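Each of the two complexes below includes subunit A, the first together with subunit B, the second together with subunit C.
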Partner chain A sequence: MDPMLESFIQESRDNLEAAAKCFLDLENKPDDQELLNDLFRSIHTMKGSSGLFDIGAFTRVVHAAEDVLDIVREGKYSLTSDDIDLFLDSLDLAGAWIDQLESSEQLPDDADSVGHEIAEKLRGLIGQEIKKSVVKVEDSKQINSHAVTKKDDFDDTPDWITNIDQSQLQKVYKLCVQSDNKIAVIVNYRPDKQCFFNGDDPLLTVLNAVGLHWFSVEKKEDWGELESLDPFQCNINFKLLIAADITEVKQYFRYIIEQVDIFRIEPKQLIRPVGEHSTNDTYQLFVSEGLAALENNDYESLKRLVMPLHEIGNATLFQTACLGWIRTLLESDVQDDSLLKSLIDAVRQGEYLSPSLTLDKPSEQSKTMIEPSNKLSASSINILKTQLKILEMPCPSSLLVGRVLSTQKIMQRLFKTIDGDKKLADLDSVSKQCLATSKCDKLHDFLAECLEQYENNNPSEPSQKQNDISISKDQAKVTAVKAEGKLIERTQDLKSGERSGIKYGRRAGDIVDEVDNTKHQIKTLRVDQERIDSLMDLMGELVVAKNAMPYLAKRAQEEFGVRELAKEIQSQYAVINRLSEELQSTVMGIRMVPVSSVFQRFPRLVRDLSKRLEKNIQLVLEGEETEADKNVIESLADPLIHMVRNSLDHGLETPQERIAAGKNEQGRLTLKATPMDDQVLIEIIDDGKGIDPNIIKQKAYEKGIISEIQLDEISDQAAVNLIFAAGLSSKESASDLSGRGVGMDVVRSAVEDAGGQVSVTSVLGKGTRVGLTLPLTMAVARVMMIDVDQQTYGISMENIRETVRVSADNITRIKHNEAIVLRDKLIPLLRMRDLLGLQTRAKQQTELSILIVEYNGAEIGLIIDNFLEGIDIIQKPLDGVMGAFPIYAGATLLGDGRVLLILNVLELLKCR
Partner chain B sequence: MKKILIVDDAMTVRMYHRQLMESMGFEVTEAENGIEALEKGMSDTFDLFLVDVNMPKMDGYRFVEEMRQIPELQSIPVVMVSTEEEESDKEKAYLAGANFYLVKPAKPDELKDYVALLIGDEVA
Partner chain C sequence: MSVAFKKTIALLEGECSIEDSEELLNWILLNPKGKLNLKKLSYLHTAVLQVLMASQVKISIWPSDTKIASWLQAILLESK
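Moving on to the complex of A and B:
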């Protein structure tokens, strides 16, 4: 994709997000001027940038929004809640378009009509018509097609046409006269010096040009010594003669349009015989006979006269060239007597005067040929006139020096291109006078004088220009008077700025102070996420590779008996371990994003939903600055939305219900993030009606999730936990908000996939709290290695509450189940061998190793053979046959090359 | 090589201007707002400033007004580039100290043409 478009997409997303946030804040603080300014700027920036691309509909919408906001900013209109809805919808639309732009590089087909509609609605807010924006959009389209902005009629012929081979000119003439859509075009192609680096091949471009008949190559500038020649720079220009359809020519050169001058030439302008004049009498004889034949319109005999003379004539002779042209004219279908006559006259005089010019003085002829560079001097004059205007404006003394010096510099530069150093000395002394007297008038008069001079010398400008200047002078005076009033206002603005302590610049020292103030801002760098991901992967590999060193030390000592070496390896390992840990936390720090990036979409969601549900809900965000890995945060987004919707839909009551229940009319939904060691706790707390365990129990029984016995036995907390069971939805008719069929079980699996856990607590009538515990990062996990039946497995540290060793005597049996009492709490026990379906029985041990894990809010003890150390690993998902077993979360390589299977304890407990 | 400072808060516009300016063989430095432009302007010698109007922290008008009073910067020609095309906006720019005004987005040919002249590029 075009990097500019890519940048536009990225920038627009940021701006759209910023704008949406401003709108939401604006709802609470409608008169906050700063907020309005920020908002305006976001929209304004988008408008400005969008003009660079051919996306008129987008520009139209943001432009309409900008116009409305401008009025709002001036305090002439205030936005209602409905207006903000409309704006937010527009932003959504623009956002969708940006997505589309990213995928297909163009707007959807209906963009024009949809955009028009929404722009009209926006403008409707301030009762403005849409016309203005349409004009602008068309304007911006022109830029993209940057077509040659030349008039449709013919251009003047450049002088160098005489360098072109006569026979080629004649061929082109014939082609153009005989064909309706072909036109003679000459092109002056000045390849960019650096063009090779852009992948341009100028010669190829020239050779492939449509309808090319002739071209010449010339030096851009003197090449100098061979040693100093830079072969990587294009040092040549081309001149081309083409006979083709003008639109085709433009199309062909469209990528390098700024490097070419295209001239359309009227066919008869091609007639430019050149060569040496011969005094041979034969030609004089031909002239009299030829004129006589022409008089009688006897083209056939004229042709017979021309043919032999032309064929035997020396090609370098002027007469031969003329005869060639006469022959060409005669051979083409259209006959033009005046042209023929001029040519026959030319044979006699040795100089060709085209019919239209024969009335003028012949010596003037060459002067009317206009070089393309004259276009430039029009720009120069425009710039100089602007400087003149500036010098006429009133000027506060503080700005005078700057104004004189900067206008002087521009004049210097321009005068130099126009007539070298002639005026520079004068200019210098004039501006010195100005500085001495603190007045601009001298410089102004000097410039006016120079301008007059240039314009008089410029043959392309008709004398009418003279009047233009005087008119513009008058205009300038009027504007100057107007501006004076404004200036007073501005200086007052400035003064009030100083009072309030806002003061930038003046002297260099001051600026540095100011700059220091802005230095503490965090500079950001945009990096492709893939790069960071690969950095993360590499770092993970390093962590694993590092784990090999202790094994190495062990082998050095045990197998090779070199204790000293083992020790050194150990100490080196400590260093590498420390460095890799630092590296790990730094890389992880790069990927850390604040939770706010997910939270910030909720104000809008809650606002829209509560409006639709006719509930009055206040959203409170806490701990937004808490950071976690980008992937974790992203995996959090969907579950969070689901739960917030649940709270809004099922949890929080309508104002009437709340009042009836004796609660505050306004419901409160809190999203809270709290950092906890290497985990983040996200809580969704509402003060709604809570979850009724009895309804859940009943429902679960109806759906066959729990048995009749469980229905009686189950605790309230366990019942509430049932909402995570698949296929349970507590509301009779699923609303369109919470969706159908997918409930909290989806939330749970999403969170567990990210290595986290969900818990829910609820008090009937008081509210519900859902807590998500997520790891800070998903890339590197810490696992504990355990032994079961001589096989080593890993279990994620996040699942493990604690590890205990208890005497076998302490195990109590309740019916067929084992349990222990730990700190006055009864904890059911399970044997890992049974869970894994291993047939072997463990040796009778006097002391048992037990892992205490949390499952659905309850603690369960797992009996294993032995604990081993905890290690950092990169968990790779299993694929193939093994991938089908959910009880394995993945596998990893150990330092000594063994593969460690990581158990998914939660899955394991599910299938007990 | 001629040096030009592009001041604009929109990354895309900066990129667009940079491409054009670099294609003309100028050395480009970018700044996101007036304050940054003053800072960068002081750290190097530039031949021309290409300045946006609407920017956070310090807008284009204010920037020109300030730089016209700083001896090291005051003589550098300034081209203002803005989406506003009203005559009054142009005047405001000239009054603040700009030397030329172009309506954004400026056509490539137009921009190149004027910049070449204002920067005193020999090739023009």
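Moving on to the complex of A and C:
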């Protein structure tokens, strides 16, 4: 598997877990900003890294979640319990996808539809919020919503389009009209200021963009003093005009999608003829002839009319630009009469009105648009500012007339939309004065005065930069509300569009976070478990090799008689032994994980189940930081789930029952881990109704687990222990949670497989406590070697209670069975030779070696030939032929090369 | 190194990387009247472009590669 994907899977699992935990905590502390930030970070990280892979559905879901959380974080929405359910479901879904990714490296086939549905649901949470805020914005503008929409229509194609060379625009138009899959796309690319440090080269990105036709560069902020310029901070933004398949464009920008806005525009929106209007009569002649040709649908003669005029025309003239467009339209396959007509009209009027405004819309609507509002849009103010700059430039007298007239024209058009005729008259007289004096300073002053006035009318939009952002914000909202807007599609959805204005603030925060994270990352390493396992194996080999040294010393002394050397070997052995023990505990330490890794899934489980069972349960986790070997912790997971389910289902009562029993309405379930030397004790304690030994006895008798005699004799504690017997269920009806009678015996065998033990105590009406004792590690076991019939066996120290040597006379015979009395306690005896089925009889000994082991809570003595020393071993499971014998737990190599078989005492005693 | 510095002229050749931007900036600061010869320039990093835009340094020779020359001219002349 791709290592990137692998680490993504790992990280996402961690993040999903962290996020789930945050959600659960949020339910109790809904306003905890810290929690919300953590949560947001987890989700944000997942969204970010998921973009690297072809898993759009995943990205969509986490993106939706991120958007909702962003709103929540801003305090505009608070999550309800039901919302959290939805989020948890989404996390589950994402988790399932991650599993699928791991196994097949792709998402399930239905991922797209399922993901879409979930993402929609998530967004649905904030949908209303957004609508509300849109209304607010409109209100604050104090214009009726109709006018807002109209204005946006008008401004849809950004004004900078007019900066683009007409021939380029025409080329793009042709491409888009003629090809089905190519459309005109404009991209606002705002590289992150720190992007150079990520290895980004925005210019290269722009130049390599698919279907790039035009781009421009502008500074983000003023350059300032050259001395203080930081060349490693990206201070430029790009604007691109692209003709390509939009999915290709999105694909191309997918790594920097948060830095770009991609707009799709209709080809006819590209038609923006600009230039100076000439009053030459030739054009008037063309207009009348052209319109006539168009009416007859005679495109050929229209073309003949256009061609020479276009070719001889001055390229800077408005008419030439219009003719160029007419030519482009005629040369493309699809003819649009309304467009052609508008363009021909434009040649006459010196002003191009797109047919969507002149023809499609009823005139009444365009009236609303030009209703005086005494306010200018930000882009209009920009246009006026540009005009002001033009007027400030030195002007040769030959150009003066044209300049004054063009500025006058532009101002006229803008003023029409706001002040009606009042200003127009002033403008007229001012420009006449200018023409008379051949100086444009009067017009300049007039324009400056007007500008000042309008800017004061728009105090909320102080600078151009902010204007741009606020426009895009408003556009996004309005486009979503009124789908008829001309911006057909935005890559980023409604919500992220709304956020684009504040994105920089957030990015800056993220960078700080990332710096912090890198510091953390250096401290912790993610290592594949296999590597640790192989380290462990090597360490096992080392222990075995080390164990060979005492034998070597013995041989040196006994066989070769070199006492000095033997001593030397012994002292070297002591050093190596110490080092290997240190190494061993270090490697063990690496494998240690806190039990919290198992515990943390329970808050969710308990929450969900208690909701379903309509019980009110508080989960208390204690000693989560207690550590144990990873394998042990993992083997703990399933038994714990079984037992927690049991407690929830059978143990804890409903609130009504609890109140009736005089208890607190809220039940309490405690999961507790306590370290105990080389073992760890896990307890599951509930304050429920406890286990009724009589019911258990009766059930066990009915199921044939105990005999009638046992039914009378069995102690209450022993009866409670019967819940571990296979096939026993106390609840009358089995629920889908637990109670099919497979729970507790599975628990016991799982725990025993991991080398642990289970015990249960219960007080009727007060509660139940189940305790699991598990070894801290399953890797290194301490065994005692014993001698039976000159064969050496190992027995795990955990099973051994004590070792005693008793005189043969102390053995008491009870019928066929042997027993001894040890400290006033009768302990049954078994001979190991019999258990192992050895035929040879042991020679009569005056003193017997007895190994006392615990079996099902009772003590049993095993008679063996002799005790040998205890050693640390790395136990290897048996496979092949020997694997079929459960009485052997495994085997290990001894220092002298012999194989030591480890007996599984519990299995052995079952066979008796 | 794709930037060679002479007394009054800096030669930018081949591909100018991000590392060149700082050095170029320093040179421009020391030689405010210096000019750039971009004749053999085939590509420049965004950071270098920024330095050209911010400093408004004079270009003595535009790149012989017309493609680069066209967009570079558009950007630099416009930024003035």
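As a working rule, the second predicted complex is superposed on the first by the 477 of 912 C-alpha atoms of A that agree within 3 Å, B and C clash if a C-alpha of one lies under 4 Å from a C-alpha of the other, contacts with A are read in each partner's own complex, and residues count from 1 in each chain.
One rule holds in what follows: a contact is a pair of C-beta atoms (placed from the backbone, for glycine too) under 8 Å apart; a residue touches a chain by one contact, two chains touch by 3 or more.
Predicted model, so just to flag it, every value in this text is computed and none were measured.
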Contacts of A:Q710 with subunit B and subunit C, given as first, second, both or neither: neither
Subunit B versus subunit C as contact partner of A:N235, first or second or both or neither: second
Which superposed partner A:K219 touches (first subunit B, second subunit C, both, neither): second
Partner chain in contact with A:Q570 - subunit B first, subunit C second, else both or neither: neither
Touched partner set for A:S580, first subunit B, second subunit C, both or neither: neither
First (subunit B), second (subunit C), both or neither touched by A:E11: first
First, second, both or neither for A:E227, with subunit B first and subunit C second: second
Which of subunit B and subunit C A:L203 touches, first, second, both or neither: second
Residue contacts with subunit A in the superposition, subunit B compared against subunit C: B
Common ground on subunit A, meaning residues reached by subunit C in one complex and by subunit B in the other: none
Complex contact set, residues of subunit C against subunit A: 18, 21-22, 25, 28-29, 43-51, 53-55, 71, 74-75, 78-79
Subunit A residues within the subunit B interface of the complex: 3-4, 7-8, 10-11, 38, 41, 44-45, 47-49, 51-52, 140, 142-143, 146, 149, 192-194, 257-258, 375-376, 379-380, 382-383, 386-387, 389-390, 393-394, 398-399, 401-403, 405-410, 412-414, 416-417, 479, 482-483, 486-487, 490, 494, 504-508, 511, 514-515, 518
Touching residues on subunit A, where the partner in the complex is subunit C: 191, 196, 201-204, 207, 215-219, 223, 226-227, 229, 231-232, 234-236
Of subunit B, residues touching subunit A in the complex: 9-13, 15-16, 19, 23, 25, 34-36, 38-39, 42, 52, 54-58, 62, 65-72, 74-78, 83, 87, 91-92, 94-97, 99-101, 104-109, 112-114, 117-120, 122, 124
